[in-house]
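Going in written order, the chains are labelled A, B, C and D, and every chain counts its residues from 1.
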Amino acid sequence: MKTMLDLVVTESTQLNQNYSLIKLTTTDGSALPEMYPGQFVQVKVDDSPKTFLRRPISINFWDKEKNELWLLVQKVGEGTKKMCEARKGDILNLLLPLGNYFTLPSDKKSKLMLIGGGVGIAPILFWGAYLRERGYQPSFLIGARSKTDLLQLDKLSRYGEVYCTTEDGSYGEKGYVTNHSVLEKGGIDTIYTCGPKPMMVAIAKYADSEKITCEASLENLMACGFGVCLCCVENTREGNICVCEEGPVFNIEKLTWIS
Amino acid sequence: MDKLRVNIGKLELKNPVMTASGTFGYAKEFSDFFDLSRIGGVFVKGTTIHERQGNPYSRMAETPSGMLNAVGLQNKGVDYFVSNIYPEIKDIDTNVIVNVSGSTVEDYVKCAEKLVDLDKIPAIELNISCPNVKEGGMAFGTCAKSAAEVTEAVRKVWNRNMIVKLSPNVTDITEIARSVEGAGADAVSLINTLLGMAVDINKRKPCLSTITGGLSGPCVKPVALRMVWQTYNAVKIPIIGMGGISCWEDAIEFMLVGASAIQIGTYNFIDPTIAAKVVDGIAAYLDKNNIASVKDLVGALEV
Amino acid sequence: MDKLRVNIGKLELKNPVMTASGTFGYAKEFSDFFDLSRIGGVFVKGTTIHERQGNPYSRMAETPSGMLNAVGLQNKGVDYFVSNIYPEIKDIDTNVIVNVSGSTVEDYVKCAEKLVDLDKIPAIELNISCPNVKEGGMAFGTCAKSAAEVTEAVRKVWNRNMIVKLSPNVTDITEIARSVEGAGADAVSLINTLLGMAVDINKRKPCLSTITGGLSGPCVKPVALRMVWQTYNAVKIPIIGMGGISCWEDAIEFMLVGASAIQIGTYNFIDPTIAAKVVDGIAAYLDKNNIASVKDLVGALEV
Amino acid sequence: MKTMLDLVVTESTQLNQNYSLIKLTTTDGSALPEMYPGQFVQVKVDDSPKTFLRRPISINFWDKEKNELWLLVQKVGEGTKKMCEARKGDILNLLLPLGNYFTLPSDKKSKLMLIGGGVGIAPILFWGAYLRERGYQPSFLIGARSKTDLLQLDKLSRYGEVYCTTEDGSYGEKGYVTNHSVLEKGGIDTIYTCGPKPMMVAIAKYADSEKITCEASLENLMACGFGVCLCCVENTREGNICVCEEGPVFNIEKLTWIS
């Protein structure tokens, strides 16, 4: 069930110039609602005159023990800048949990590759942890411009093997994720991906050609975030459908990315 | 809460707070957030005779204190509404009103005819003011003669409450309002979105796939209030006011300038519980100021 | 900075950034804040044939991302301008343009005649769009025929640059634009303020003494951009765009949709140095994107 | 000369539920511009989506030694609320100094009464200090609803005698300033006043009937604050004139308050 909640910042860490990790919990100690990997929240950025609409942010992690929700935020404009400046004790108003989630594979032995690019790793961490907890063996393939843009590698590595690419070669293999040697080895059953659209399209094409099942998490511009404004539509094989409600996770077969 | 009751023609509302078409889905999407029976009514998504895919992405741009949209009346058509959606929402304990759009007079009439048998739909709202599709009716809404034509034609097939929704993109809104009043409208609602535009200076492209789109949100409130005020001084039928309402104070402003009831649109996206909060706020204002009925506020501006 | 030069008809501007009438006083009030020679031009206060006291207080209300004003063309009249103000501002090293208002065609003509001898006034702007006074010209600005009449009459006595300032409170701004183009305007400027209203719910009174007033500021930008775009596609004469510009990015938006130059209005109140900052921002954008001349931006929207 | 400056908050004290005293200085140690009592500043309230225009606030004090500007702010809406929440180290953008100022009397021995109501005492403190520094003998008459609304009495008392009224009688004499016994004693040469308009009008009428010179500081709604928008006009004997530029201080003879 979707709800609107005031959550309090328990920790806000600037990971580097462009990224912050914000941890939130309830103000009264009550339990956070049930959340699934791939879902997102809509954040109200209160003190910013330039942000009228809420901002969609993926659920980066749900720490059940600590009753904490993590958001990994990249500074790209006014709204995310303000979010990144949140201090411990600040209150953020959220709608959550929103959207659908990644599909749990039926076979625990299937080879799963979680591919994230840039801030697209946000839902990947939660999904990796979730899979591992249930006895799956996820691997991670993370791409970034440069070493400093690679985030949460230590955390990911707790849940599976981590492969990296950087465009400038400063860490891992040089190039794009689709060029990484781990893909050449083959044997992947399912790919889950989140990141810049060109990256996801390239991955979708690769998956399609290799007959690999593939789910992608989209980041279309949103107004409401819960399926009532019809602004966030993606053109699918079934026509225009809402990314916020019937997504953000789509099996690439449903999309029209591969002609 | 008898003091909150109002009437729009034959339509009885438990309170004057309703939600605007295109911003409230089919209402049930909000039932997680608040008890829908708390508000006076809901206007469901713009419905057309045939299914529409709407405009291509991107359909939205944020603007100072508002947003542009170019949804373009995406909906599955009136038949789908009648058979699949109506059964799911007919028992919501509030007025469910269908917003009807079309590109010809006949479209509107046919659509209304299909809705006549749904006895839990106490009213329809004729959208003659959608700026986002060529066939969205805005041509009707900016010309007094054709606005009257649509109204008159639908009047013949629809004997329950008929609200006509006016476009703000006109030199003189009172001319259109008087014209649809004369043609048999029970009420007018205003304003629909203002035609606007936004540009991505990095891509050097319009932000919307349709170049221009409809502006809504708090930024339009001053224009909306002015038009409600002008219309209040021009027609006798009740007015449903909207445009940028984001708090109960805004709702009171609209009622003071002449709205008998109000709709909340874009702000549902920012606070999905806003409609219920506005009901509470109005009730508290009445109490605080010892006002016996919310009806006493309508047009009570001292000038 | 040759790359910033633009022309509006015969008028040469060192850059496309100017300041809007009624928001920049007589320019000298800003000389404490920045060097006025840095900008392309200034439009001084609305001037009328006779002195005007304007509307009673209160004349202002804040609105979401904007404001309403009801100044009502307070000014000391054109004779006072000629003898007392002109001598003080004529040597400002930028284009000083006088905004002229009236209630009859004759008013405009007489006003223009008095300004003809001032050789440091390279242009006048005919305000046929002030919403705040009955005689403010808005009646001219909402009717294509009378807009053309005023333009034609002034054209006969004024052979330097003549800019006609259009009202956004119309169904179709291109109709008016074409009409004044045909009547001899060298350029059009748009938009003037949108007619709006605000209410004090505690006093139950309008916030403005005149009930309605003119809306300006960032809230109107989407409407202004749309109207400039529509006008750009309808006329051949240059367009001066304005409405809600608060940063250089906004200025670029206006130029991309077709404005050859821009004016900054309300935002001068928030940041009196904004005009100079916008000049710098445009220059940096040109450099960053390797654009040879700001003229290349005009109407360069990819659609 | 008017300027636009980023000033840094050196101290922000909540005086009570409704009032804060904010002290500001330059960011680079340069001297604050010359300011006179009666003048005001225009504050940009940056992080408030509901305040588009600047907010006019009187200069409460100019501490030349410490290079500090003081603002006394009463919480009445969004803008003043945000200002009152300013923390040490925050930056506020100001236009200053704006407007005219109180007129220095020619005779140092003349009996001066400075009358403030509510937040209207803001310019009174600066003016009192200024007068005293130049060898004048100001007295103060301060009115408020209740004891807790009386502010800066200790500071005022350094510069002259302080008389008080409260509407509820919780401090000083009960009633309005115009009822205070000190006025009955007579002998006042000049009154300077700032406060709610009804109070100032009552004082103006009193001053007029007693043939006392009187200057009042007005608080009309403002957009620009430096004479270009013509929104703040007061209807005077010379027609509508700008309070921000030709005021805020007016000799009551110029106004149309007394018929």
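Definition applied: a contact is a pair of C-beta atoms (placed from the backbone, for glycine too) under 8 Å apart; a residue touches a chain by one contact, two chains touch by 3 or more.
Just so we're clear, the structure is a prediction, and the values are computed from it rather than from any experiment.
The minimal number of chain-to-chain contact steps leading from chain B to chain D is 2.
Chain B and chain C have centres, each the mean of its CA atoms, that are 34 Å apart.
Look at where the CA atoms of chain A average out and do the same for chain B: the two points lie 36 Å apart.
Distance from the chain A centre to the chain C centre is 47 Å, each centre being the mean of its Cα atoms. The mean-CA centres of chain A and chain D are about 54 angstrom from one another, to the nearest whole unit.
Multi-chain contact residues of chain A (touching two or more other chains) are listed as 49, 51-52. The multi-chain contact residues of chain B, meaning those touching 2 or more other chains, are 63-66, 217-218. Under the stated contact rule, the graph of chain-to-chain touches is a ring, a single cycle where every chain has exactly two partners. The full set of touching chain pairs reads A-B, A-D, B-C, C-D.
Looking at the complex, you find that chain A touches chain D at residues 46-49, 51-52. On the chain B side of its complex with chain C, the touching residues are 63-66, 68, 142, 169-171, 194-199, 201, 203-206, 211-212, 215, 217-223, 225-226, 229, 244, 249, 252-253, 256-257, 285, 300-303. Note for the complex: chain A touches chain B at residues 1-4, 44, 50-54, 95, 220-235, 239-240.
Considering their complex, residues 22-25, 29-30, 32-33, 53-54, 56-60, 62-67, 69, 71, 74, 217-218, 266, 268-273 of chain B touch chain A.
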